[in-house]
Each structure stands twice: as C-alpha cells, then as structure tokens.
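Order as written gives the chain letters A, B, C and D; numbering starts at 1 within each chain.
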Amino acid sequence: MTSQTNLFNASRLQGIITYPITPFSANGEVDIKTLSVLIDQLINSGSHAIAPLGSTGESAYLNDEEWTEVAQASIKAVNKRLPVIVGVSDLTTQNAVKRAKIAEKAGADAVMVLPVSYWKLTPDEIFNHYAKIADAVSLPIMVYNNPATSGIDMSPELIVQLFKSIDNVTMVKESTGDIQRMHKIRLLANNELPFYNGSNPLALEAFAAGATGWCTAASNIISQWPLKLYQAIQNNDIDLARELFYKQLPLLEFILKGGLPTTIKAGLKLKGLPVGEPRKPLQALDEAGNKKLQTLLQTLETFS
Amino acid sequence: MTSQTNLFNASRLQGIITYPITPFSANGEVDIKTLSVLIDQLINSGSHAIAPLGSTGESAYLNDEEWTEVAQASIKAVNKRLPVIVGVSDLTTQNAVKRAKIAEKAGADAVMVLPVSYWKLTPDEIFNHYAKIADAVSLPIMVYNNPATSGIDMSPELIVQLFKSIDNVTMVKESTGDIQRMHKIRLLANNELPFYNGSNPLALEAFAAGATGWCTAASNIISQWPLKLYQAIQNNDIDLARELFYKQLPLLEFILKGGLPTTIKAGLKLKGLPVGEPRKPLQALDEAGNKKLQTLLQTLETFS
Amino acid sequence: MTSQTNLFNASRLQGIITYPITPFSANGEVDIKTLSVLIDQLINSGSHAIAPLGSTGESAYLNDEEWTEVAQASIKAVNKRLPVIVGVSDLTTQNAVKRAKIAEKAGADAVMVLPVSYWKLTPDEIFNHYAKIADAVSLPIMVYNNPATSGIDMSPELIVQLFKSIDNVTMVKESTGDIQRMHKIRLLANNELPFYNGSNPLALEAFAAGATGWCTAASNIISQWPLKLYQAIQNNDIDLARELFYKQLPLLEFILKGGLPTTIKAGLKLKGLPVGEPRKPLQALDEAGNKKLQTLLQTLETFS
Amino acid sequence: MTSQTNLFNASRLQGIITYPITPFSANGEVDIKTLSVLIDQLINSGSHAIAPLGSTGESAYLNDEEWTEVAQASIKAVNKRLPVIVGVSDLTTQNAVKRAKIAEKAGADAVMVLPVSYWKLTPDEIFNHYAKIADAVSLPIMVYNNPATSGIDMSPELIVQLFKSIDNVTMVKESTGDIQRMHKIRLLANNELPFYNGSNPLALEAFAAGATGWCTAASNIISQWPLKLYQAIQNNDIDLARELFYKQLPLLEFILKGGLPTTIKAGLKLKGLPVGEPRKPLQALDEAGNKKLQTLLQTLETFS
C-alpha cells in the first residue's frame, strides 16, 4: 500500500491482462523465438498488460532454468511497451522468493503469487509465505487465489489481511469463479483493494461487480472480444457488454473445461501460429476437440 | 409457450417480485388480517408482483387448510392491482395438483412449482411431476430451482426441456446462486425462456446476465432498494446499479444467512408491523441478530 | 439415560432392525392388510425389531390420517413379538409431538426422530425440537441423522449433546455413510451411546466399528443375508462377515442408489408379494431396473 | 500381473508399511545420517516394509538432487532387511520416469506413483502417465490415489483399468478415506488387486474390508500400535482390533489433521530423535499442538 505501488495500480494495470502460453519446440524444449512472436501479436492486438508464467504459461511444469529463461525473454520481448506481471509461484517459499528476485532483476513491473500446496497450508503459513516474498522484492504483488489448480483456497478475510498487513501486496486475482468472493473482498477492504477476475465464464459479472481487470488466456486466440467487452463496461453500457459476453461465452467455457494450455495451444495452431504441445502428462487437444474449437472460432469471426 | 401465456410474461411479470411472509398470531395461527395489511404495504411501496406461499411464506410449514386460506386471502388482498404468482409446491404430485387448482380457481395469474424431495427424484420423475400439474391448470407455470431448501437440483438442461415440452411452463426462477446456471439456461433456450433470480446476493449479476426479474423477500423491509437497483438496470446504468447493490448487500446477506422467514419477520416487527414468529422448529431471531438487523436497516435509511 | 430406557436398549434393540415398506393398493390407498402380511414375514424370517414409518415406509408422503393408520396397524401386527420403533418425524415440531404421542398410545417401544428441514435449522432449533418431543412422551428416542433425505446434518457433537442433555434420548441411527461419524460419537460419548447404522453399503464396517445394530430395508427381500452378517460379527468372525458382506453388497448398493421404496417394492413383487407402487412423484422401478434386481436376487439365492 | 510381481506381492508386501519422514538439518539441508538412524528404528520396531519419499517424506518439496540422495540413502540404510517401495511421483511424466529409473537402479523393490496435478488430467492422460513409467522400469508399481494432496481423484474403474492393462501395475494405495472405494476396487477386480489403506483414521475398517496393508506414518512414533492392530486382524479377532483401534484413533486423527510431516517430526523430537522442521511454507508444530501431541503419546504409552 505504498504510494508508489498504488500509483502503479491506479494508472497502469487494468483492463485485459493476457496470459501467454509457453511455446515448446517439437522436441519439447522452450521455444523462445515463438514466444516473442506471440507476445508481439498480443501487444499489437491491444492487450493492456502481459502476464507470463501463469497457469496458462505452464509455469508449474517448467524446471528452474526454463522458468528463468521464459521470465527474462518475456520481459525483453515486451520491452516496456506494456506492464509485465510475472508469475513466481512455487511449492517452496525459498524457490518462490528466488523467482521473485529474478523477475525483479529482469525488469518485471509486478509479480503474481499463488500459494501452491501439496500439504494444505494454514492461514499463518500462507501469510508467512507472502511476507517472505514481499520482503525480498520491492515490486507490487498480486495475490492469486485459484484453489482448483493450487489446492489452497484463501478466504476473502485472509486476502484482505494480506493486503492490509504487507505493504507491497496491492491487488488480487480471484479465480474461484464465485462472484460472492469479489463482493466480500470489496466490502472488507472498503473498495481499496483492486480485484481482477481470473475465471473466464465470469467475465461479465466480475466487471459488473467492479473488477479492475480480466486476466485471461482467451486473448491469445480471440483478442478483440475481451477488449470489446471491457470497452462496453468502460462506457457504462451493460446491454452491449451482455450481448458481447454471450457471444464469446461458449468459447470461454470450452477453453476452461479443456484446460487452458491444451486449448489455447490448439487454437493458436488453428489460427496459424504453431506453438507445440503442452508438456506431458498434459496432452494435445484431440481431433473432436479441435473441430469443436474451430467451429467456435469461426462463429466469433462471423460475429465480429 | 402458448401465445397467451407468453403475452402474460412479456407484458406483466418482470422487475421486483415480492414474497410476503405469512403472519401468525400469538397462538400460532395464520393471521389473515395482518397479511392484508402487509400486502397493501408491498403494493403501495412499488413491488411489481406478489408471490405468496413461497419459501419465505413458510408454505412448507402450513397444513392444507392453512395453505388454502393464505392462497385465497392473498389473491383477494391484491385484488388485481398486480399479478399474483402462487407457490403450489408439495411433496406429493397429487397435493401439488390440488393446490394448483385451488390457486387457479381463486384467481392466481401464475403458479410457481418447486419439486420438493424426501427421496431424490430422477429427471423423469421431475418431468412427470410438472406435466401432471401443467395438465391440471391453464395457468403459466414458473419452474423453481432451489436445491438448498428442496434437496433437488434441476440442471439447466432439464429446466429447458420442461420449457420446450410443456406448454404452460413459461418461466424459471433460479435460486442456486450460481450465475453459470443462468448463462446456460439462456444459451440452451436461445434466450426465449425468461429467467428470474431468487438468490438475493446475486441480484446485481443476475440482472447483468439478463434476468427478467428478482424474486425477493427483501422488499418486505427495504422496498425502495431493490426497486432502485432494477430501475438503474432498466436505464442501462451499471455504475449506479453497482453502487446501489453494494449498499444493500450486507442486508441481503444477513437475511439469506439467517433464514428468510426468521429475519424478515424480525425486520417487519422492527419497522412497526408485528407479524408473529416463524413456526417451530424455526425460532424467532435472537437478540444479537435483532441488533445487527436494526443497524443494517438504519444504515440503509441513512443512505436513501 | 434413565435406568429403564437403558435397560430397554441394552437388552432388546440390537441386531437387524427392519424397515417395512408401506404397501399401497392399486388406487393408491394404504393397504393395511398387506402390511400385516409383510410384517409377519419379517418377524418369521428372523428380524430383531420392526421399524415402521421410516424413510423406507414413505412416512414423508403420507397424510396425517394415513400415518396414524399405519402406526397403529404396524404395532398391532407385531403384537409384542418384537420391539417396535416408530418413525414420528415431521417438518413442524407440533406435528412431530403429536405423532410421538400417537405412537406411544398405540404401544410403540420407542420412537425415531429425524429433524426434517425446509429452512435449515440451527443446532439450538434442532435441540429444542428434540426436547419438545422428549417432554411429550416417556418412550426412548432414537436420534436419526440422514442429511441426504432430510437436508439437515447433525454433527457428532450435537448428537452426543442431545444424548447427554435429554433423558429419553438413548440411541442414534447414523445414516451419512461416513464411518468417522461413528468413531466420533463413540469417543465423545465414552462408548455409552449405542449407535446404529442406517447406510446399507457400510454394514460391514459399521459393525467393525462397534455398531449395536443395522437398520435396513434389505431384510424385506433378502432377510437371511443381513442376519448371517450380524451373526458372524457376534461370533467375532470378521473373515466370514467380510465374505458375507461382499456377496450382498451389489444388492445393497442397488437398493440405495435406486431409492429404497422404489427398489424394495419392486423386489417384494418379484418375490411374490405385490405391495403396489411408491407414491408419486416417485415412480415404480423401470424394466431395466427390475431385470437387474432379479439377477441380483437370484445370485444371492444361489449363494445361500 | 506377471508371475514374478504377483509373487512379490503375495509373499512380501503386506502388513504395516511405514513412511519415514525426511530429516532436515538446522540449515534446512537433507540430513542423511539421521535418516539412517530413523530407518533402523523403524525396522527394529517391527515395520513390514519401508516407503521413503511419500507424502510424509516431503517428496514434493525436494529438488531433484535431494530426491535422488534420499532415495539412494534409504535403500542403502534398509540394506535388504525389508522391502523398500519408493515414491517417484512428479508433476511431469518425464521426471517421474527419471525418478523411477533412479529408484530401480538403486535397488528399490517397488515404486509408488501418485499422479500430481496442476491442470486436471483426463483419464487418458493419467493412463499414459502410468504407462510411460511402467515401460521404463521392470519394478512393480503401486498406484496411489490421494486427491487431497494431489488434486486428482482416480475412480475405482480407472484404477482397475490400470491394473488390468499395465503388467507391472500390481497394487493400489487408496487414501481418499472413503471405504466404498475399496469395496468397488475389490468387486471390479474380482479380489485380484491388492489394496492398501493410506488413510489413518480408516485403519480398522480398511482391514475389515480386506486391505492387504496399512501405509502409515504413525509407525514413526507409535510403532507397536499399528502392528498390534494388524496382528489382531490376522488372528481374525475384530473385537480386539476394535479396542486397539479406538485407543490409537485420537492420535491418528491428530496427525492427519495437523499434516503428517509437521506432526510426525514434532513427535519424533518429543520421543528423543530431533529430525528438524518441515520445509517452508510448512511450519513446525506450534506449542499448543506439541502439548496435545505429548498428551496423546503419553496416553498410548500408559495403555500399552
């Protein structure tokens, strides 16, 4: 809650925050060159910020060297054209701290932290995990709650406590898909803690409820649709936002249900940018899925 | 889906649909006189429709004679000033049919049906329950899904099938609180099946998602707030709707958590209309709850 | 916990407690004559107690007159050959009290009480519900926990509190199917509160954990199998109990999944005692279900 | 299902399979010397098999070098006195394969595989994960299902399919705590797939249901109690087994609820073998927890 970090949030990190996938070459190695091409595409098509090494970026499936390579290459590729928020999550506090430092040194504008679990964590253990990372860097930290992938569910009470107690915790990405969490965070924090939506099928209602931004992988393949929805909200036009939302909803549900790395990578290939397959045990989208995805993409092109 | 029933829906049943509680006298009997006073209040303060014998009306706790008395008295008290939709749910199909006929004869404009369970019902058993009731009356039927009270959760697929297969099933009240159900219903029914929101803390987002109305007991005690929220939505002003919603949200959460008959009856007493206690085993709101409720009510009066 | 009621429990209510279905005639009325025939069968085939008007007895689907008729006729049919425990549950406290009195007057040995919900009940509301019933009769009361049908889940802590605070609460039927509940009840009550298992597929492990009895509808159609399992446990022969359990398990799962009134009524008809259909909206078992059930029954006859 | 691996199962892997914790020195490094001391203790006190690098062994929190060091040191410390089953789980298939090969080369008797998730896996993805590992080694594989830590829940159907389709998948450790899973596995596999229980508070009932063994960390601190329970079951004495189980149950619940690395490490220190703290973000057991644990341990010493 320092003035500088608040300034950052207020002025820069809002709207459509895009999660690039991490491309792999045919032999399964990180493909930095294609990552640069993708990031250029995302910037040129209008995203408001770039968030490498999130869930979509298969961060959890990369080893330390690969993680560092992708962090540095992403920041370099963006080249200060947009804010970059880097996912630095790891199972151990020590390694999450290390990643946060690497991100800071490489020029990230903020870091995002998801408390990953094998053994469940107590609120106190989660708090200290964030406190340690916050101590190690001076960047703003986005708290990230996504129990479906991390196995840990942070209550609104805990999230707001992190915000109130740790200076550089300045924003939260809520991905439970439960709109009541956003309500609660807003009420508990007196509307001082910006919240971002990470659940694609909740995009319309999260904006209705006052979300500052929508963190999404959908922009990788249908960049204009999330932007138009956000613009309608900015114009206080819920009728148009609703119309735009329902058109893109079938695709949003499809990519959520199929797993973001799996479906987004398939979509990018369909749109002409091969980025390889997700890392095993994750498998490439099967033929039926590809056909369904192509139909969904074509429908949206017709509409736009 | 007959032209007449569609006409009804399109022109009349929208906005704020209020669920009156059922007043009891000191000795626990139904208090018809106070019911009339309450219904007058609800109409005078602007509700768009009256829905007696819903969950809030303790329908499940009344015997057959009491149920009939309340149905007839409510319709008479409204006296055609507003549409009346009567809850006719019962555990057995036979008794639900009987209640639907009584409601029709008494002059109801529509009936609402919740499939109550002791033993879980298969989709086929639910379908036939609705079909039997629909055969027995010519009124429009509102399908009502509220697994938290009924123990039965109807999927959007089943709800839309009821709508497509049974002529006088023309609308649905969704009370799961899961906004994705409304999305699904709208997509599956090509936006031809009007859906109403029955979950108070979802009021803002349900309207954002396209709900035709908000079925609420809150109007019994804060009548202007739901109306103002609905008006803002009608004016396509999501910014104002959001502001109005967050102000009333703490009260909406309180009445949901405390049980609607319990909290609404306490609220009416606090506002000067004693309506008795809910029926045992339900108990009157305790002292701490009454203090909290009074504070919430006072805050809203200050705001308005 | 009076000496008399403890005496009752210790000496008489243990083993296989059978829940008779409630037969209906072709026109849907209660068929008392067939009920007597069924009860004779259950007694002659070795059940240790008879429990009319439980979940299996479709108690929830009967009106007050029918309920009274079945209670009185069941007690009369047993004619003191075995203990009779009558289910007196109802949504309102007033009516549950009334039913307990009727059962006592008719000669029941004990009553079983499930706190049914429409609106959720607080622990205090549940406690007072039991206290009121306990005040009205001098019979032993079996607390019955079955959230899947009743919508209310009583914690082991609450159940043991009922036992410790209310004199004639002397036993508990646990039907969640969660063996840890039984562990907890036993530890919290220092092994002084007899617990009975109401989840058929948990029969083996509930006995292993120390259950005093198994409350089951399976005895209606495979009377010898539950008895043999119980006898093996009495003989401290877990190896034989396991063998007997796995043989009857497919049938136990089938009747649970299909709903007890539905499947048991079908089974009785297959075995030569037509008892009518369950009451609508419940439907008779379909043809595929009947074939499956017949196969399961034949397999058990082969084994025995 | 090769004859050799069946031979292994039938003759050797049964009874109490103990999961050693992984000791850390004061500076947080793996403490191999103390690990050897601990393993000697476990063998001398009667465990039937040793299972390093399971959930209790904080396998998920070790880097690759540490994991390899612990695997090799554990096998060496056991020195063929007992069977050793090594946990080789990892998020990527590639790394799980690598670990399985290391375990085989180091002399493991079997490997245990938990399919860990970040993104949810389809049944097909899980199957191929196991198939790849099975192809890479000739050791018997124990399928491990523990959704609470791994985020993936394998159905009995999938588990039995793995057993039937992949030769060296020969056993399963079920840790959901749901006894019905064991029933289903036994029925689906015609009692040919040995199942082991991994949920401590289910120890009694899992044996009643036919479990071949109990995989537990409790043996680290109360070695005689699990052994005595197993012996009673071997003697077909369920009455004694029940008595022994209820005495140790409070401790079993405590270690489960507090997290196994956290509570077992505290218990070992209380018993005179300091093994360091769990790795951050996991924290050492707090003072209240230590007092409670000490009381539980003392109670069991009194009993024995």
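Miscellaneous remarks
Here is the rule we use: contacts are C-beta pairs under 8 Å (C-beta built on N, C-alpha and C of every residue); 3 or more make two chains touch, one makes a residue touch a chain.
All figures in this text were calculated on a predicted structure; none of them were measured in a lab.
Annotation of subunit C and subunit D: not jointly contacted by any chain, touch as defined at the top. If you lay the C-alpha trace of subunit A over that of subunit D, the rotation comes to 180 degrees, to the nearest 5. At the interface between subunit A and subunit B, two copies of one sequence, more than half of the residue numbers in use are shared by both copies.
Averaging C-alpha coordinates per chain places the centre of subunit B 36 Å away from that of subunit C.
Inter-chain spacing, taken between the CA centroids of subunit A and subunit B, is 39 Å. Per-chain CA centroids place subunit A at a distance of 52 Å from subunit C. Those residues of subunit D in touch with two or more other chains do not exist in this structure.
Those residues of subunit C whose C-beta lies close enough to touch subunit D in the complex are 177, 179-180, 183, 186-187, 191, 201-202, 204-205, 208-210, 233, 236-239, 241-242, 246, 249-250.
Those residues of subunit C whose C-beta lies close enough to touch subunit B in the complex are 28, 55, 60-61, 91-94, 115-122, 124-126, 128-129, 132, 148-151, 259-262, 278-283.
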